[in-house]
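Input: a single structure, listed below in structure tokens.
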Amino acid sequence: MAAAPLLALHLLAPGGGASAQSITVVSWGGSYARSCQEAYHKAFTEETGIEVLLEDYNGGLAQIRAQVDAGAVHWDVVDMELPDARLACDEGLIELVDLADLPAGVNGESPEADYPAEYVNECGAGMTFYSTVFAYNSNFLTGPGPETVADFFDLEKFPGRRGMRRSPLVNLEFALMADGVPLDQVYRTLDTPEGQDRAFRKLDTIKDQVVWWEAGAQPPQLLADGEVIMSTAYNGRIFNAQVLENQPFVIVWDGQALDTGYLAIVAGTERYEEAMQFVKFANRPGSIANVSKYISYGPVRLSARALVDRHLETGTAMQPHMPTSPDNMKRALSLDWRWWSENRDDMYERFSAWLAR
Amino acid sequence: MKSAPNAGRNPGSEGVPPSTKAGTPSFPGRRLGRYGFNAFCIAGFVFLLAPILVIVPLSFNAEPYFTFTEGMLRLDPDAWSLRWYDAIVNDEAWSRALINSLLIGIASTVLATTLGTLAALGLASPSMPARNLVTAVLISPMITPIIIVAVGVFFFYSGLGLGQTHAGLILAHAALGAPFVVITVTATLAGFDRTVLRAAASLGAGPLRRFFRVQLPLIAPGVFSGGLFAFAASFDEVVVVLFLGGLEQRTIPRQMWAGIREQISPAILALAVFLIAFAVVVLLTVEWLRNRSASAQRSVH
Amino acid sequence: MKRFRHLAATAPRLGALALVLPLLAFVTVSFLVPLGTLLSKSAWQPEMSRVLPQTMRALAEWDGESLPAEAAFAAIARELPAAREERTLGRVSGAANRVRRGMRGVLNRTARGLDRVEYAGSWRETLTGIHAGWEDAQTWQAIRQAGAPFTLANYLQALDLERREDGSIGRRPEESRVYTPLMWRTLLVSLGVTVLCLAIGYPIAYMVANSPPGRGRLLLVLVLVPFWTSLLVRTTAWIVLLQRQGVINGLLVSLGILPDDARLQMIYNMTGTFVAMTHVLLPFMVLPLYSVMRSIPASHMPAAISLGASPLEAFRRVYLPQTLPGIGAGSLLVFILAIGYYITPALVGGRTGELISSQIAYHVQTSLNWGLAAALSSILLVAVTALYLIYSRVIGIERMRLG
């Protein structure tokens, strides 16, 4: 009964999303969003009394741009991949975050000293390393499994369908690495028209065998259903399927593409103070490290890295599962956001044209 | 009972050779033709209904798979379970989605039915100017590709501050639902005998009284089934919600969309069974109303 | 007297209009105006001229071949850092990038560079020192073109046309055509689905219309169950049936017809789109056919047969022509609904089973090229409107029936 007047109120208030005592945080859904919820959303609400409403999205800036343009901002904090964050920053869609405002490191280091130089960014608070890897289900792929990126593209050795994200991001890099481009030459190659052609030509070779996914939760499902024999995926999602659902998935770390997640504040939100409070809370080394209790994503902040310990539910030691652990880093590529923020439009357009044909 | 000429209306009557009496096929080719025709029709019905029927048993699967497990086929009670129904009923997200769906559905239906019925009355009047053009405009939301509607209202409503609000969705859904009301009420009015109104007028009834006491009861079944169509249209709509709605406007179809795209769990099948039951109830209601409306109009004469 | 008669004729007209007006106004505000807003985005893009007004003014006089005058260099050197400061740079460089690839890089790097670089005696030298692109007249042409508030560029792109260097308009090279092949695919799929619906729907409608009343009612209800069942439920059902580990493949494998490693790919491709769309749209074909067939006197066919026509001939000459209105109504309706379909192809079509509407969604949500999305929408809308007009002329909207 009490719900009726409440709902009526909702109806009458245009733009009446979250009230001052709640903020809307937008994240990538599935086990990652749940992990962040456990790791710091709940503690934040406990400490401040501000409720956190969790919304899912699959990346992209359409919603944010529409809200900012209309001056009716419903989303307050968005978990973004770096190329999106840079573009949003250039377009004035997200607030700048002054590094000095962020919390100090574990031993009182200044935030600036607590970040590796290449991950200092005025567009948001750097949170965790995650990685795009590829994985397979050992139930369906018996015999010797794939070991290199080149194997992912090798239809003769490993016939069958593959899952890939419906985006040029990472796929172009994978294609070049598989085509024999050394890791440190990938972006230099991609920066030339010939290099781009080469990447798309390599993708051509498996195009008919690819199932395209959009949400990070899809690849584990595709693998579990046997819909594909291997798939690119976020390493944390695969890890969770391994330890929580006992799925016989195997991660291939060769050629992993390392990226960082950023928390950004949508420009013009009426709940800026609360949103900033949330970002500061989430950016504490303890909060960031907490994420690794639930999913295998590691802190970007240097002082938080030592805090990574065990998976809460299963007791698995987490350090070896971090994308940044030495074993996994043997052949790793860092996503070059500078290149992507300049070439994003062209590559997205070319990719969608390529896809549609 | 059926009258004699109807015998020739049976499917397969083209299998009856001219020289023989109906029903006594003379050689196997013709008979084969009739069997073939019936088989084809039955296959058509299987195609229509099988997908819907298959969902029902699978929603009781104890395993998180979409195939009949061996246990299910052996009718092993352990292979069947209500766990997905539990999951749906106990998940707060689904109950919130249901509240949103009902709220948006009912509000947009009231709006669409009121405006749509008035418009249908106007359109039915013999003195309505530019009837065809106006009808075409009023019906147009129904045939416009939904993606265009969704993108259009996303841009326009966001600019008005109606993005991510219930009000925005209600307005959009009302526009999408109104054509159904216009069509069904117009159809009912086509069978409506206007002399009844004149008779009422000659007995001294004023226009309002004529409408509420004479016309409305007669077209009520049409209005009601139009309303059901409008409600169903809103209750099943996902694309506009996808673009315009936010976290607090998640409806049942929106929640299902997320479920299908991200992770198909048999919990969705349990929900689907509820929705199929809902569809059957609505369908039978509409059919009952149609018969009622037909017989009501017959009885006036 | 004359005047009175005139009034008497006007009053009911006004009465009828007054009844229609509320809905008409509502549909206009809540539906037609949003469509108009969308369509206007396809040709109206004022951002660039708003952010770089001085540059645009300086370029107005330019001949377009040699490099522009120093004033243009000075203007853009002033306005780019200001845009960066106000954070409108991203919009501007995005708009320019749509005209010419690589422009985002030119503008972004220049805006950043102007913070660090010393003034080199002239703005022209300063800018070319930061990015060599400024020495290319095409860079400036791109800026001028992107700065025009009215543009047909989105329509050119949507139709796979391009403006050549000599100013003429021609088709893009084959390998870079995207949207026209997709439009053809959409038309062909819609046509295919319409034909399939007719092939399956005609006998079904015949059976329903020619069964004894009780069974006929039951059969009609069976046709209507899928019509009323949620679209998402039906789409889910097809996923359950068709996927690799789904019911049909499972059945074929357990019956030994298929080896386990050779399961059929029936979903996330064109097959999925065809099957699911035909299923979803079939009732829209059956219902108009049924209502026409129900009104055909049962005695016609036997009469023709008794006059010596073969059953097939009787069907073709006598029955079929009478059902043509139903065929027309059903086919047009199915075709109209099919060319704008979004949900089903998006969920079960995969890459190869995708239709034009998916590209509209993509350009709104992912690529953020709203102008192109609007142009594609306009083209689709024109097609649907044309078909709708044909429908209303030939069949009559007032004859549209539901259920």
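In this document, chain identifiers A, B and C correspond to the written order of the chains, with residue numbering beginning at 1 in each.
The rule we apply is simple: a residue touches a chain if its C-beta (ideal position, glycine included) is under 8 Å from a C-beta of that chain, and two chains touch if they have at least 3 such contacts.
Everything numeric here is computed off the predicted structure, so don't read it as measured data.
J.: Just to be sure I understand the contacts, which chains border both chain C and chain A?
T.: Intersection of chain A and chain C contact lists gives B.
J.: Hey, which chain is the most central one here, using CA centres?
T.: C
J.: Which pair wins on C-beta contacts, A-B or B-C?
T.: B-C
J.: Quick check: how many Å separate the C-alpha centres of chain A and chain C?
T.: 31
J.: Cα centroid separation between chain A and chain B, in whole Å?
T.: Distance between chain centres: 41 Å.
J.: With chain centres defined as C-alpha means, what is the inter-centre distance between chain B and chain C in Å?
T.: The separation of the two C-alpha centroids amounts to 24 Å.
J.: Send over the residues of chain C in touch with two or more other chains.
T.: As it turns out, chain C has residues touching two or more other chains at 243, 245, 364.
J.: Touching at least two other chains at once: which residues of chain B meet that condition?
T.: 154-155, 159, 261, 264
J.: On chain A, where are the residues touching two or more other chains?
T.: Correct list: empty.
J.: Which residues of chain B touch chain C in their complex?
T.: Residue list for chain B touching chain C: 2, 5-6, 8-11, 13-18, 22, 30, 37-38, 40-41, 44-45, 47-52, 54-55, 58, 65-68, 111, 115-116, 118-119, 121-123, 125-129, 132, 134-141, 143-149, 151-157, 159, 171-172, 174-175, 178, 180, 182-184, 186-187, 190, 225, 229, 232, 235-236, 238-239, 243, 253, 256-257, 260-261, 264, 268-269, 272, 275-276, 279-280, 282-284, 286-287, 290.
J.: For chain C, which residues are in contact with chain A within the complex?
T.: Residues 86-91, 93-94, 97-98, 101-102, 104-105, 108-109, 175-176, 178-179, 181-182, 243-245, 265, 268, 350-351, 354, 359, 362, 364-369 of chain C touch chain A in their complex.
J.: Which chain B residues qualify as touching chain A in the complex?
T.: Answer in residue numbers: 99, 103, 107, 154-155, 158-167, 170, 246-248, 258, 261-264.
J.: Please output the residues of chain A touching chain C within their complex, sorted ascending.
T.: Chain A residues touching chain C: 59-62, 65, 87-93, 161, 167, 210-212, 225-227, 341-346, 348-349, 352-353, 355-357.
J.: Spell out the part of chain A that touches chain B in their complex, as residue ranges.
T.: 3, 7, 10-17, 24, 29-30, 53-56, 66-67, 69-72, 74-75, 214-215, 217-218, 221
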